[in-house]
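You will see chain A twice below: alongside chain B first, and alongside chain C after that.
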Partner chain A sequence: MADGILFEERGIPAAAVITDAFRRTADAMARTQGLEGYPYVAIPHPISSLSPEELRVRAEQALPEVVRLLQEEVAG
Partner chain B sequence: MAVLVDPTGGVQEIRRRMAPRGGRSLRGARVGLVDNGKRNADVFLRALGDLLRERYGVREVVLRRKPHFAVPVPPELVEELGTQCDFVIPGVGD
Partner chain C sequence: MSQGVRTEPTREAVREARAAIEYCYEQGWTDGLPVVPPAEEFVEEFLAQVDRDPEEVIFAQEHLGRKCTVRLAAANAVMAGCRPEHFPVVLAMLEAVRDLPVSRGLFQSTTGQAVLVVINGPVRQELGFNGTDNVFSPGDRANATVGRALRLVVMNAFGIRPHTFDQSTQGTPAKYSFCIAENEEESPWEPLHVERGFREDESTVTVAWARGTMPVEQRDSKQPEHILLNIADSMSYGGGYFPSPRGHGSIVVMGPEHAQLIAEAGWSKHRVRAFLWEHFGRRAGELRRLAKAGGLDPDLPDEAFVRFAHAPEAITLIVAGARNAGVSTVCPTFVWQTVTRRIPARRM
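Our next item is the complex of A and B:
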(Lines of atoms letter the chains of each structure in order from A and count residues from 1; the text may use other names and numbers.)
(Lines give C-alpha, C1' and ligand atoms only; values in the text may rest on other atoms or scores of the structure.)
Protein backbone atom coordinates (compact mmCIF):
# COMPACT_ATOMS: atom_id res chain seq x y z
CA MET A 1 0.00 0.00 0.00
CA ALA A 2 2.70 2.43 1.04
CA ASP A 3 4.55 1.49 -2.14
CA GLY A 4 1.56 2.17 -4.35
CA ILE A 5 1.11 5.54 -2.71
CA LEU A 6 4.78 6.43 -3.29
CA PHE A 7 4.29 5.85 -7.01
CA GLU A 8 1.00 7.71 -7.04
CA GLU A 9 2.73 10.69 -5.56
CA ARG A 10 5.31 10.54 -8.31
CA GLY A 11 2.47 10.66 -10.83
CA ILE A 12 2.48 6.98 -11.77
CA PRO A 13 -0.88 5.19 -11.48
CA ALA A 14 -0.49 2.10 -9.30
CA ALA A 15 -2.66 -0.89 -8.46
CA ALA A 16 -1.52 -2.44 -5.20
CA VAL A 17 -2.35 -6.13 -4.82
CA ILE A 18 -2.67 -7.65 -1.36
CA THR A 19 -4.10 -10.87 0.03
CA ASP A 20 -7.38 -10.36 1.84
CA ALA A 21 -5.91 -11.22 5.25
CA PHE A 22 -4.18 -7.83 5.11
CA ARG A 23 -7.19 -5.62 4.48
CA ARG A 24 -7.12 -3.99 7.92
CA THR A 25 -3.39 -3.40 7.70
CA ALA A 26 -3.76 -1.99 4.21
CA ASP A 27 -6.57 0.38 5.24
CA ALA A 28 -4.56 1.58 8.25
CA MET A 29 -1.46 2.05 6.12
CA ALA A 30 -3.35 4.14 3.58
CA ARG A 31 -4.62 6.38 6.38
CA THR A 32 -1.14 6.72 7.87
CA GLN A 33 0.29 7.55 4.45
CA GLY A 34 -2.19 10.38 3.95
CA LEU A 35 -4.43 8.70 1.40
CA GLU A 36 -7.39 7.29 3.28
CA GLY A 37 -9.54 5.00 1.19
CA TYR A 38 -6.79 4.31 -1.33
CA PRO A 39 -8.21 1.48 -3.41
CA TYR A 40 -6.41 -1.85 -3.84
CA VAL A 41 -6.99 -5.32 -5.21
CA ALA A 42 -7.46 -8.04 -2.59
CA ILE A 43 -6.95 -11.64 -3.68
CA PRO A 44 -7.75 -14.68 -1.50
CA HIS A 45 -5.19 -15.47 1.18
CA PRO A 46 -2.78 -17.27 1.10
CA ILE A 47 -0.72 -17.44 -2.08
CA SER A 48 2.49 -18.81 -0.61
CA SER A 49 1.27 -22.42 -0.81
CA LEU A 50 -0.09 -22.28 -4.37
CA SER A 51 1.28 -23.91 -7.52
CA PRO A 52 2.19 -21.82 -10.59
CA GLU A 53 -1.08 -22.95 -12.24
CA GLU A 54 -3.10 -21.85 -9.23
CA LEU A 55 -1.27 -18.54 -9.17
CA ARG A 56 -2.12 -18.01 -12.83
CA VAL A 57 -5.80 -18.51 -11.91
CA ARG A 58 -5.45 -15.94 -9.11
CA ALA A 59 -3.85 -13.54 -11.58
CA GLU A 60 -6.72 -14.11 -14.05
CA GLN A 61 -9.23 -13.34 -11.32
CA ALA A 62 -7.41 -10.20 -10.22
CA LEU A 63 -6.82 -8.90 -13.75
CA PRO A 64 -10.06 -6.93 -14.39
CA GLU A 65 -9.79 -5.09 -11.06
CA VAL A 66 -6.09 -4.36 -11.60
CA VAL A 67 -6.88 -2.88 -15.02
CA ARG A 68 -9.75 -0.85 -13.60
CA LEU A 69 -7.61 0.64 -10.82
CA LEU A 70 -4.83 1.51 -13.25
CA GLN A 71 -7.09 3.27 -15.71
CA GLU A 72 -10.17 4.54 -14.00
CA GLU A 73 -10.17 7.99 -12.50
CA VAL A 74 -10.80 7.77 -8.77
CA ALA A 75 -11.80 10.61 -6.50
CA GLY A 76 -9.37 11.41 -3.70
CA MET B 1 25.29 22.01 25.07
CA ALA B 2 22.14 20.13 25.84
CA VAL B 3 19.28 20.49 23.43
CA LEU B 4 15.77 20.22 24.73
CA VAL B 5 13.25 18.55 22.50
CA ASP B 6 9.54 18.71 23.05
CA PRO B 7 8.42 15.07 23.02
CA THR B 8 4.77 16.01 22.63
CA GLY B 9 5.57 17.52 19.21
CA GLY B 10 2.25 16.74 17.63
CA VAL B 11 1.59 14.67 14.56
CA GLN B 12 2.07 16.31 11.23
CA GLU B 13 -0.77 15.33 9.00
CA ILE B 14 0.19 14.40 5.48
CA ARG B 15 -2.25 14.54 2.62
CA ARG B 16 -1.43 12.80 -0.61
CA ARG B 17 -3.16 12.46 -3.93
CA MET B 18 -3.51 9.71 -6.43
CA ALA B 19 -1.88 10.11 -9.82
CA PRO B 20 -4.29 11.26 -12.52
CA ARG B 21 -5.46 8.37 -14.70
CA GLY B 22 -7.09 10.21 -17.54
CA GLY B 23 -6.47 8.74 -20.92
CA ARG B 24 -3.39 6.63 -20.38
CA SER B 25 -3.85 3.38 -22.26
CA LEU B 26 -2.30 0.06 -21.35
CA ARG B 27 -1.71 -0.62 -25.04
CA GLY B 28 1.97 -0.09 -25.72
CA ALA B 29 2.62 0.80 -22.08
CA ARG B 30 5.45 -0.27 -19.83
CA VAL B 31 4.33 -1.71 -16.52
CA GLY B 32 6.53 -2.06 -13.46
CA LEU B 33 5.92 -4.97 -11.11
CA VAL B 34 7.26 -4.62 -7.57
CA ASP B 35 7.80 -7.94 -5.81
CA ASN B 36 7.68 -7.46 -2.04
CA GLY B 37 9.81 -10.57 -1.54
CA LYS B 38 7.17 -12.79 -0.02
CA ARG B 39 6.92 -16.34 -1.32
CA ASN B 40 5.24 -16.60 -4.73
CA ALA B 41 4.87 -12.85 -5.12
CA ASP B 42 7.14 -12.99 -8.18
CA VAL B 43 5.27 -15.94 -9.73
CA PHE B 44 1.92 -14.19 -9.26
CA LEU B 45 3.23 -10.89 -10.64
CA ARG B 46 4.81 -12.57 -13.66
CA ALA B 47 1.49 -14.28 -14.43
CA LEU B 48 -0.26 -10.93 -14.14
CA GLY B 49 2.35 -9.33 -16.40
CA ASP B 50 1.89 -12.08 -19.02
CA LEU B 51 -1.87 -11.54 -18.99
CA LEU B 52 -1.46 -7.77 -19.37
CA ARG B 53 0.72 -8.34 -22.42
CA GLU B 54 -1.53 -11.00 -23.94
CA ARG B 55 -4.87 -9.31 -23.40
CA TYR B 56 -4.23 -5.58 -23.06
CA GLY B 57 -1.32 -5.03 -25.42
CA VAL B 58 1.12 -3.99 -22.71
CA ARG B 59 4.48 -3.64 -24.45
CA GLU B 60 6.80 -4.51 -21.63
CA VAL B 61 6.78 -5.50 -18.00
CA VAL B 62 9.69 -4.79 -15.66
CA LEU B 63 9.91 -6.94 -12.52
CA ARG B 64 11.90 -5.66 -9.55
CA ARG B 65 12.15 -7.03 -6.02
CA LYS B 66 12.33 -4.65 -3.10
CA PRO B 67 15.00 -5.32 -0.47
CA HIS B 68 12.62 -6.32 2.33
CA PHE B 69 8.86 -6.69 2.54
CA ALA B 70 8.65 -4.65 5.75
CA VAL B 71 10.22 -1.49 4.36
CA PRO B 72 8.95 0.86 1.64
CA VAL B 73 10.32 0.71 -1.88
CA PRO B 74 13.67 2.54 -1.76
CA PRO B 75 13.77 5.96 -3.45
CA GLU B 76 16.13 4.77 -6.20
CA LEU B 77 13.64 2.08 -7.22
CA VAL B 78 10.75 4.56 -7.16
CA GLU B 79 12.88 6.77 -9.40
CA GLU B 80 13.89 3.95 -11.75
CA LEU B 81 10.39 2.59 -12.27
CA GLY B 82 8.86 6.06 -12.15
CA THR B 83 11.09 7.09 -15.03
CA GLN B 84 10.71 3.91 -17.08
CA CYS B 85 7.11 2.91 -16.51
CA ASP B 86 3.62 4.20 -17.22
CA PHE B 87 2.00 2.07 -14.51
CA VAL B 88 3.15 0.13 -11.47
CA ILE B 89 1.75 -2.90 -9.66
CA PRO B 90 3.15 -3.57 -6.18
CA GLY B 91 2.38 -6.86 -4.43
CA VAL B 92 1.86 -9.36 -2.74
CA GLY B 93 1.76 -12.04 -0.02
CA ASP B 94 1.68 -14.17 2.20
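Our next item is the complex of A and C:
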Protein backbone atom coordinates (compact mmCIF):
# COMPACT_ATOMS: atom_id res chain seq x y z
CA MET A 1 0.00 0.00 0.00
CA ALA A 2 2.73 2.46 1.02
CA ASP A 3 4.67 1.72 -2.16
CA GLY A 4 1.58 2.21 -4.35
CA ILE A 5 0.78 5.55 -2.73
CA LEU A 6 4.41 6.73 -3.00
CA PHE A 7 4.46 5.75 -6.70
CA GLU A 8 1.31 7.73 -7.35
CA GLU A 9 2.75 10.75 -5.53
CA ARG A 10 5.57 10.66 -8.07
CA GLY A 11 3.17 10.44 -11.00
CA ILE A 12 3.55 6.69 -11.61
CA PRO A 13 0.18 4.90 -11.87
CA ALA A 14 -0.08 2.08 -9.33
CA ALA A 15 -2.59 -0.52 -8.20
CA ALA A 16 -2.12 -2.09 -4.78
CA VAL A 17 -3.18 -5.72 -4.53
CA ILE A 18 -3.75 -7.34 -1.15
CA THR A 19 -5.49 -10.44 0.09
CA ASP A 20 -8.66 -9.72 2.00
CA ALA A 21 -7.06 -10.74 5.32
CA PHE A 22 -5.03 -7.53 5.20
CA ARG A 23 -7.86 -5.00 4.71
CA ARG A 24 -7.48 -3.47 8.17
CA THR A 25 -3.75 -2.86 7.75
CA ALA A 26 -4.24 -1.57 4.22
CA ASP A 27 -6.85 0.95 5.43
CA ALA A 28 -4.57 2.03 8.29
CA MET A 29 -1.68 2.56 5.89
CA ALA A 30 -3.86 4.68 3.59
CA ARG A 31 -4.85 6.85 6.58
CA THR A 32 -1.19 7.12 7.68
CA GLN A 33 -0.16 8.23 4.20
CA GLY A 34 -2.92 10.87 4.23
CA LEU A 35 -5.08 9.16 1.59
CA GLU A 36 -8.00 7.68 3.51
CA GLY A 37 -10.09 5.50 1.24
CA TYR A 38 -7.22 4.91 -1.23
CA PRO A 39 -8.58 2.13 -3.44
CA TYR A 40 -6.95 -1.28 -3.75
CA VAL A 41 -7.77 -4.70 -5.11
CA ALA A 42 -8.53 -7.31 -2.43
CA ILE A 43 -8.32 -10.89 -3.63
CA PRO A 44 -9.44 -13.91 -1.56
CA HIS A 45 -7.03 -15.14 1.13
CA PRO A 46 -4.85 -17.24 1.26
CA ILE A 47 -2.60 -17.28 -1.77
CA SER A 48 0.73 -18.68 -0.57
CA SER A 49 -0.68 -22.23 -0.57
CA LEU A 50 -2.02 -22.00 -4.15
CA SER A 51 -0.57 -23.83 -7.12
CA PRO A 52 0.77 -21.68 -9.98
CA GLU A 53 -2.39 -22.53 -11.97
CA GLU A 54 -4.71 -21.49 -9.13
CA LEU A 55 -2.71 -18.30 -8.68
CA ARG A 56 -3.11 -17.51 -12.38
CA VAL A 57 -6.90 -17.78 -12.01
CA ARG A 58 -6.81 -15.29 -9.11
CA ALA A 59 -4.68 -12.92 -11.18
CA GLU A 60 -7.05 -13.14 -14.14
CA GLN A 61 -10.02 -12.45 -11.89
CA ALA A 62 -8.29 -9.40 -10.40
CA LEU A 63 -7.04 -8.04 -13.73
CA PRO A 64 -10.03 -5.85 -14.78
CA GLU A 65 -10.00 -4.12 -11.38
CA VAL A 66 -6.23 -3.61 -11.55
CA VAL A 67 -6.58 -2.01 -14.99
CA ARG A 68 -9.41 0.21 -13.74
CA LEU A 69 -7.27 1.43 -10.78
CA LEU A 70 -4.28 2.11 -13.04
CA GLN A 71 -6.47 4.35 -15.23
CA GLU A 72 -8.17 6.16 -12.36
CA GLU A 73 -7.04 9.58 -11.14
CA VAL A 74 -6.08 9.53 -7.48
CA ALA A 75 -7.52 12.31 -5.40
CA GLY A 76 -5.53 13.76 -2.54
CA MET B 1 1.01 3.28 57.76
CA SER B 2 0.94 3.24 61.57
CA GLN B 3 0.68 7.04 61.62
CA GLY B 4 -3.03 7.53 61.11
CA VAL B 5 -2.68 11.18 60.14
CA ARG B 6 -1.19 10.20 56.76
CA THR B 7 -3.98 7.83 55.76
CA GLU B 8 -6.23 10.33 54.00
CA PRO B 9 -3.58 12.08 51.86
CA THR B 10 -2.17 8.67 50.92
CA ARG B 11 -5.58 7.46 49.82
CA GLU B 12 -6.01 10.61 47.79
CA ALA B 13 -2.59 10.15 46.16
CA VAL B 14 -3.42 6.56 45.27
CA ARG B 15 -6.73 7.61 43.71
CA GLU B 16 -4.88 10.22 41.66
CA ALA B 17 -2.30 7.65 40.59
CA ARG B 18 -5.09 5.36 39.42
CA ALA B 19 -6.71 8.18 37.48
CA ALA B 20 -3.35 8.94 35.82
CA ILE B 21 -2.92 5.29 34.88
CA GLU B 22 -6.43 5.21 33.42
CA TYR B 23 -5.62 8.40 31.49
CA CYS B 24 -2.68 6.57 29.84
CA TYR B 25 -5.04 3.75 28.81
CA GLU B 26 -7.43 6.28 27.28
CA GLN B 27 -4.57 7.75 25.24
CA GLY B 28 -3.77 4.29 23.83
CA TRP B 29 -0.22 4.33 25.22
CA THR B 30 -0.14 0.92 26.91
CA ASP B 31 0.64 -2.65 25.92
CA GLY B 32 -2.41 -3.78 27.91
CA LEU B 33 -0.64 -3.55 31.26
CA PRO B 34 -0.60 -0.32 33.28
CA VAL B 35 2.17 2.17 32.52
CA VAL B 36 3.84 4.87 34.61
CA PRO B 37 2.44 8.23 33.46
CA PRO B 38 5.21 9.97 31.47
CA ALA B 39 5.22 13.27 33.38
CA GLU B 40 7.62 15.87 32.01
CA GLU B 41 9.74 15.86 35.18
CA PHE B 42 10.23 12.08 34.98
CA VAL B 43 11.27 12.35 31.32
CA GLU B 44 13.79 15.07 32.23
CA GLU B 45 15.32 12.80 34.90
CA PHE B 46 15.90 10.17 32.24
CA LEU B 47 17.33 12.65 29.73
CA ALA B 48 19.81 13.85 32.39
CA GLN B 49 21.39 10.39 32.36
CA VAL B 50 22.74 10.71 28.83
CA ASP B 51 24.77 13.22 26.88
CA ARG B 52 22.40 13.40 23.91
CA ASP B 53 20.28 16.04 22.20
CA PRO B 54 16.69 15.18 23.22
CA GLU B 55 15.44 15.97 19.70
CA GLU B 56 17.98 13.71 17.97
CA VAL B 57 16.27 11.02 15.90
CA ILE B 58 17.64 7.65 16.91
CA PHE B 59 15.42 5.32 14.92
CA ALA B 60 12.94 5.98 12.10
CA GLN B 61 10.37 3.94 10.19
CA GLU B 62 10.32 5.97 6.98
CA HIS B 63 7.54 4.01 5.28
CA LEU B 64 5.23 4.94 8.17
CA GLY B 65 6.49 8.50 8.40
CA ARG B 66 7.32 7.92 12.08
CA LYS B 67 10.49 8.40 14.10
CA CYS B 68 11.75 7.98 17.62
CA THR B 69 13.71 10.83 19.19
CA VAL B 70 15.79 10.55 22.35
CA ARG B 71 12.96 12.36 24.20
CA LEU B 72 10.30 9.97 22.91
CA ALA B 73 12.50 7.01 23.90
CA ALA B 74 12.76 8.50 27.41
CA ALA B 75 8.99 8.94 27.67
CA ASN B 76 8.44 5.31 26.71
CA ALA B 77 11.15 4.11 29.11
CA VAL B 78 9.35 6.02 31.89
CA MET B 79 6.07 4.37 30.89
CA ALA B 80 7.71 0.92 30.81
CA GLY B 81 8.64 1.33 34.48
CA CYS B 82 12.39 1.78 33.96
CA ARG B 83 14.51 3.66 36.47
CA PRO B 84 16.41 6.69 35.11
CA GLU B 85 19.71 4.78 35.24
CA HIS B 86 18.30 2.19 32.83
CA PHE B 87 17.97 4.80 30.10
CA PRO B 88 21.51 4.48 28.60
CA VAL B 89 20.78 0.76 28.17
CA VAL B 90 17.44 1.54 26.50
CA LEU B 91 19.11 3.93 24.04
CA ALA B 92 21.89 1.45 23.19
CA MET B 93 19.23 -1.23 22.69
CA LEU B 94 17.17 0.94 20.33
CA GLU B 95 20.22 1.84 18.25
CA ALA B 96 21.20 -1.82 18.04
CA VAL B 97 17.67 -2.75 16.89
CA ARG B 98 17.83 0.03 14.28
CA ASP B 99 20.97 -1.62 12.87
CA LEU B 100 19.43 -5.11 12.63
CA PRO B 101 18.70 -6.35 9.11
CA VAL B 102 15.01 -5.97 8.18
CA SER B 103 14.36 -3.65 11.13
CA ARG B 104 11.82 -1.96 8.87
CA GLY B 105 9.58 -4.91 8.19
CA LEU B 106 9.68 -7.45 10.98
CA PHE B 107 7.80 -5.42 13.59
CA GLN B 108 4.84 -5.69 11.22
CA SER B 109 5.46 -9.26 10.12
CA THR B 110 2.74 -11.91 10.17
CA THR B 111 5.35 -14.27 11.65
CA GLY B 112 5.28 -12.15 14.80
CA GLN B 113 8.94 -12.03 15.73
CA ALA B 114 10.07 -10.40 18.96
CA VAL B 115 13.51 -8.93 19.68
CA LEU B 116 15.67 -10.86 22.14
CA VAL B 117 17.88 -8.46 24.14
CA VAL B 118 21.03 -9.83 25.81
CA ILE B 119 22.99 -7.81 28.38
CA ASN B 120 26.69 -8.44 29.04
CA GLY B 121 29.35 -6.91 31.28
CA PRO B 122 29.38 -5.07 34.62
CA VAL B 123 26.07 -3.26 33.96
CA ARG B 124 24.35 -6.55 34.80
CA GLN B 125 25.28 -6.25 38.49
CA GLU B 126 25.13 -2.44 38.57
CA LEU B 127 21.50 -2.36 37.43
CA GLY B 128 20.28 -5.78 38.55
CA PHE B 129 19.79 -7.64 35.28
CA ASN B 130 19.01 -11.32 35.86
CA GLY B 131 21.03 -13.98 34.05
CA THR B 132 20.42 -16.91 36.39
CA ASP B 133 17.28 -18.78 37.50
CA ASN B 134 14.04 -17.90 35.70
CA VAL B 135 16.06 -15.90 33.20
CA PHE B 136 13.17 -15.61 30.72
CA SER B 137 10.53 -15.19 33.43
CA PRO B 138 8.94 -12.26 35.23
CA GLY B 139 10.41 -11.00 38.48
CA ASP B 140 13.38 -8.74 37.75
CA ARG B 141 12.74 -5.08 37.14
CA ALA B 142 15.69 -4.32 34.88
CA ASN B 143 14.95 -7.22 32.50
CA ALA B 144 11.21 -6.59 32.51
CA THR B 145 11.24 -2.84 32.01
CA VAL B 146 14.14 -2.45 29.57
CA GLY B 147 12.63 -5.10 27.30
CA ARG B 148 9.20 -3.52 27.65
CA ALA B 149 10.60 -0.09 26.69
CA LEU B 150 11.37 -1.43 23.20
CA ARG B 151 7.83 -2.72 22.77
CA LEU B 152 6.32 0.61 23.89
CA VAL B 153 8.58 2.49 21.44
CA VAL B 154 7.38 0.18 18.65
CA MET B 155 3.76 0.83 19.63
CA ASN B 156 3.85 4.53 20.54
CA ALA B 157 6.68 6.06 18.51
CA PHE B 158 6.06 4.02 15.36
CA GLY B 159 2.33 3.37 15.73
CA ILE B 160 2.87 -0.36 15.14
CA ARG B 161 0.06 -1.82 17.24
CA PRO B 162 -2.16 -4.88 17.08
CA HIS B 163 -5.26 -4.52 14.88
CA THR B 164 -3.47 -2.09 12.53
CA PHE B 165 0.20 -2.28 11.52
CA ASP B 166 1.25 -5.21 13.69
CA GLN B 167 -0.02 -8.02 11.49
CA SER B 168 1.19 -10.94 13.64
CA THR B 169 -0.98 -13.95 12.98
CA GLN B 170 -0.47 -15.12 16.56
CA GLY B 171 2.53 -13.23 17.94
CA THR B 172 4.37 -14.27 21.08
CA PRO B 173 4.33 -13.21 24.75
CA ALA B 174 8.04 -12.46 24.20
CA LYS B 175 6.86 -9.22 22.59
CA TYR B 176 5.98 -7.83 26.03
CA SER B 177 9.61 -8.05 27.12
CA PHE B 178 12.38 -10.42 26.07
CA CYS B 179 15.51 -9.29 27.88
CA ILE B 180 18.10 -11.50 29.59
CA ALA B 181 21.62 -11.17 30.95
CA GLU B 182 24.32 -13.70 30.19
CA ASN B 183 25.40 -15.79 33.20
CA GLU B 184 29.06 -14.94 32.67
CA GLU B 185 30.04 -16.15 36.15
CA GLU B 186 28.90 -19.73 35.53
CA SER B 187 29.78 -19.90 31.85
CA PRO B 188 32.86 -21.96 31.05
CA TRP B 189 33.47 -19.94 27.90
CA GLU B 190 34.17 -16.33 27.01
CA PRO B 191 31.03 -14.18 27.17
CA LEU B 192 29.22 -13.02 24.05
CA HIS B 193 30.60 -9.46 24.10
CA VAL B 194 34.22 -10.64 24.44
CA GLU B 195 33.65 -13.07 21.54
CA ARG B 196 32.58 -10.00 19.54
CA GLY B 197 35.69 -7.96 20.34
CA PHE B 198 34.60 -5.95 23.39
CA ARG B 199 36.56 -5.86 26.64
CA GLU B 200 35.34 -7.92 29.56
CA ASP B 201 34.85 -4.76 31.65
CA GLU B 202 32.74 -3.08 28.94
CA SER B 203 28.97 -3.48 29.01
CA THR B 204 27.03 -4.30 25.87
CA VAL B 205 23.58 -4.99 24.58
CA THR B 206 23.04 -7.56 21.84
CA VAL B 207 19.78 -7.82 19.91
CA ALA B 208 18.38 -10.57 17.71
CA TRP B 209 15.07 -11.31 16.03
CA ALA B 210 13.54 -14.33 17.74
CA ARG B 211 10.24 -16.16 17.67
CA GLY B 212 10.05 -17.13 21.33
CA THR B 213 11.58 -19.84 23.49
CA MET B 214 11.72 -23.61 23.11
CA PRO B 215 13.03 -25.56 26.11
CA VAL B 216 15.47 -28.43 25.58
CA GLU B 217 15.52 -31.13 28.29
CA GLN B 218 18.55 -33.42 28.55
CA ARG B 219 19.23 -34.70 32.06
CA ASP B 220 20.07 -38.28 31.18
CA SER B 221 23.53 -37.99 29.67
CA LYS B 222 26.84 -36.26 30.33
CA GLN B 223 28.01 -36.76 26.78
CA PRO B 224 28.41 -33.52 24.81
CA GLU B 225 27.05 -35.18 21.68
CA HIS B 226 23.81 -36.24 23.39
CA ILE B 227 23.19 -32.77 24.82
CA LEU B 228 24.05 -31.03 21.57
CA LEU B 229 22.02 -33.41 19.38
CA ASN B 230 18.96 -32.60 21.52
CA ILE B 231 19.63 -28.89 21.07
CA ALA B 232 20.20 -29.28 17.31
CA ASP B 233 17.01 -31.35 17.00
CA SER B 234 15.02 -28.53 18.62
CA MET B 235 16.70 -25.95 16.39
CA SER B 236 15.61 -27.98 13.35
CA TYR B 237 11.87 -28.41 13.94
CA GLY B 238 10.03 -28.57 10.67
CA GLY B 239 7.32 -26.04 11.42
CA GLY B 240 9.89 -23.35 12.09
CA TYR B 241 11.68 -23.84 8.79
CA PHE B 242 11.35 -20.93 6.44
CA PRO B 243 13.32 -21.13 3.19
CA SER B 244 15.18 -17.83 3.05
CA PRO B 245 17.80 -16.52 0.67
CA ARG B 246 19.60 -15.02 3.67
CA GLY B 247 19.74 -18.39 5.40
CA HIS B 248 18.41 -19.43 8.77
CA GLY B 249 19.90 -18.62 12.13
CA SER B 250 19.36 -19.86 15.64
CA ILE B 251 19.98 -18.55 19.12
CA VAL B 252 20.98 -21.10 21.72
CA VAL B 253 20.72 -20.08 25.37
CA MET B 254 22.56 -22.94 27.04
CA GLY B 255 21.96 -23.66 30.71
CA PRO B 256 25.13 -23.63 32.85
CA GLU B 257 24.84 -27.36 33.68
CA HIS B 258 24.90 -28.30 30.00
CA ALA B 259 27.65 -25.78 29.21
CA GLN B 260 29.85 -26.99 32.06
CA LEU B 261 29.43 -30.69 31.21
CA ILE B 262 30.36 -29.97 27.61
CA ALA B 263 33.33 -27.75 28.53
CA GLU B 264 34.64 -30.30 31.07
CA ALA B 265 34.77 -32.79 28.21
CA GLY B 266 37.18 -30.39 26.50
CA TRP B 267 34.88 -28.71 23.99
CA SER B 268 35.51 -25.07 23.03
CA LYS B 269 32.67 -22.69 22.22
CA HIS B 270 33.77 -22.74 18.59
CA ARG B 271 33.59 -26.54 18.44
CA VAL B 272 30.10 -26.50 19.99
CA ARG B 273 28.83 -24.07 17.36
CA ALA B 274 30.44 -26.06 14.55
CA PHE B 275 28.79 -29.27 15.82
CA LEU B 276 25.39 -27.60 16.14
CA TRP B 277 25.72 -26.22 12.60
CA GLU B 278 26.53 -29.69 11.24
CA HIS B 279 23.26 -31.02 12.69
CA PHE B 280 21.04 -27.95 12.16
CA GLY B 281 18.76 -29.06 9.33
CA ARG B 282 16.55 -31.90 8.09
CA ARG B 283 16.74 -34.65 5.51
CA ALA B 284 15.36 -33.71 2.11
CA GLY B 285 12.70 -36.46 2.38
CA GLU B 286 11.42 -35.00 5.66
CA LEU B 287 11.19 -31.53 4.15
CA ARG B 288 9.27 -33.00 1.19
CA ARG B 289 6.91 -34.81 3.58
CA LEU B 290 6.23 -31.45 5.26
CA ALA B 291 5.81 -29.65 1.89
CA LYS B 292 8.76 -27.43 2.80
CA ALA B 293 10.99 -28.40 -0.09
CA GLY B 294 10.16 -25.47 -2.36
CA GLY B 295 13.75 -24.34 -2.84
CA LEU B 296 15.26 -27.82 -3.07
CA ASP B 297 16.78 -29.46 -6.13
CA PRO B 298 14.20 -32.13 -7.15
CA ASP B 299 17.06 -34.54 -7.90
CA LEU B 300 18.39 -34.36 -4.34
CA PRO B 301 17.94 -37.82 -2.75
CA ASP B 302 15.53 -38.09 0.20
CA GLU B 303 18.34 -39.09 2.58
CA ALA B 304 20.47 -36.02 1.77
CA PHE B 305 20.86 -33.70 4.77
CA VAL B 306 19.83 -30.10 4.11
CA ARG B 307 21.63 -27.63 6.40
CA PHE B 308 19.46 -24.70 7.43
CA ALA B 309 22.32 -22.24 8.15
CA HIS B 310 25.13 -21.12 5.87
CA ALA B 311 27.89 -21.22 8.51
CA PRO B 312 28.48 -21.79 12.27
CA GLU B 313 28.40 -17.98 12.66
CA ALA B 314 24.64 -18.10 12.09
CA ILE B 315 24.32 -19.71 15.52
CA THR B 316 24.52 -17.36 18.49
CA LEU B 317 25.55 -19.16 21.68
CA ILE B 318 24.84 -17.64 25.10
CA VAL B 319 25.00 -19.19 28.58
CA ALA B 320 22.18 -18.21 30.93
CA GLY B 321 19.88 -19.71 33.52
CA ALA B 322 20.43 -21.68 36.74
CA ARG B 323 22.84 -24.55 37.25
CA ASN B 324 20.16 -26.74 38.81
CA ALA B 325 19.01 -28.97 35.95
CA GLY B 326 19.88 -29.98 32.43
CA VAL B 327 17.72 -27.49 30.61
CA SER B 328 18.72 -25.22 27.74
CA THR B 329 16.63 -23.08 25.41
CA VAL B 330 16.51 -22.55 21.68
CA CYS B 331 15.16 -19.25 20.39
CA PRO B 332 14.17 -19.90 16.77
CA THR B 333 14.68 -17.20 14.18
CA PHE B 334 15.20 -16.99 10.47
CA VAL B 335 17.33 -13.85 10.54
CA TRP B 336 20.80 -15.01 11.52
CA GLN B 337 22.48 -11.63 12.03
CA THR B 338 22.60 -10.06 15.49
CA VAL B 339 23.92 -6.66 16.55
CA THR B 340 26.05 -5.87 19.63
CA ARG B 341 26.58 -2.30 20.88
CA ARG B 342 28.51 -0.88 23.79
CA ILE B 343 26.44 0.71 26.55
CA PRO B 344 27.99 4.10 27.34
CA ALA B 345 28.64 5.08 30.92
CA ARG B 346 25.94 7.15 32.60
CA ARG B 347 26.45 10.90 32.89
CA MET B 348 27.19 11.52 36.57
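The rule we apply is simple: the second predicted complex is superposed on the first by the 73 of 76 C-alpha atoms of A that agree within 3 Å, B and C clash if a C-alpha of one lies under 4 Å from a C-alpha of the other, contacts with A are read in each partner's own complex, and residues count from 1 in each chain.
The rule is short, and it goes like this: contacts are C-beta pairs under 8 Å (C-beta built on N, C-alpha and C of every residue); 3 or more make two chains touch, one makes a residue touch a chain.
On a predicted model such as this, the values are computed, not experimentally measured, just so you know.
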| message | Once chain A of both complexes is superposed, is A:Gln61 in touch with chain B (first), chain C (second), both, or neither? | response | neither
| request: See if chain A has more residues touched by chain B or by chain C, and give me that chain. | output: B
| task | Once the structures are superposed on A, label A:Met29 by its partner contacts, choosing first (chain B), second (chain C), both or neither. | result | second
| query | Should A:Ala14 be classified as contacting the first partner (chain B), the second (chain C), both, or neither? | reply | first
| request: Using the superposition on chain A described above, determine whether A:Gln71 touches chain B (first), chain C (second), both, or neither. | output: first
| message | Contacts for A:Ala2 in the overlay, against chain B (first) and chain C (second): which applies, first, second, both or neither? | response | both
| query | Which of the two partners, first being chain B and second being chain C, lies in contact with A:Ile43: first, second, both, or neither? | reply | first
| note | chain B and chain C footprints on chain A meet at residues 2, 33
| message | Looking at the complex, which residues from chain A come into contact with chain B? | response | 2-19, 21, 33-35, 38, 43, 45-48, 50, 52, 55-56, 58-60, 62-63, 66-67, 70-74, 76
| note | So, in the complex, the side of chain C touching chain A is made of residues 63-65, 108, 159, 163-165, 167
| Residues of chain B touching chain A in the complex | 13-22, 24-26, 32, 34, 36, 38-41, 43-45, 47-48, 50-52, 55-56, 66, 72-73, 78, 81-82, 85-94
| request: Spell out the residues on chain A that touch chain C in their complex, using ranges where they run on. | output: 2, 22, 24-25, 28-29, 32-33
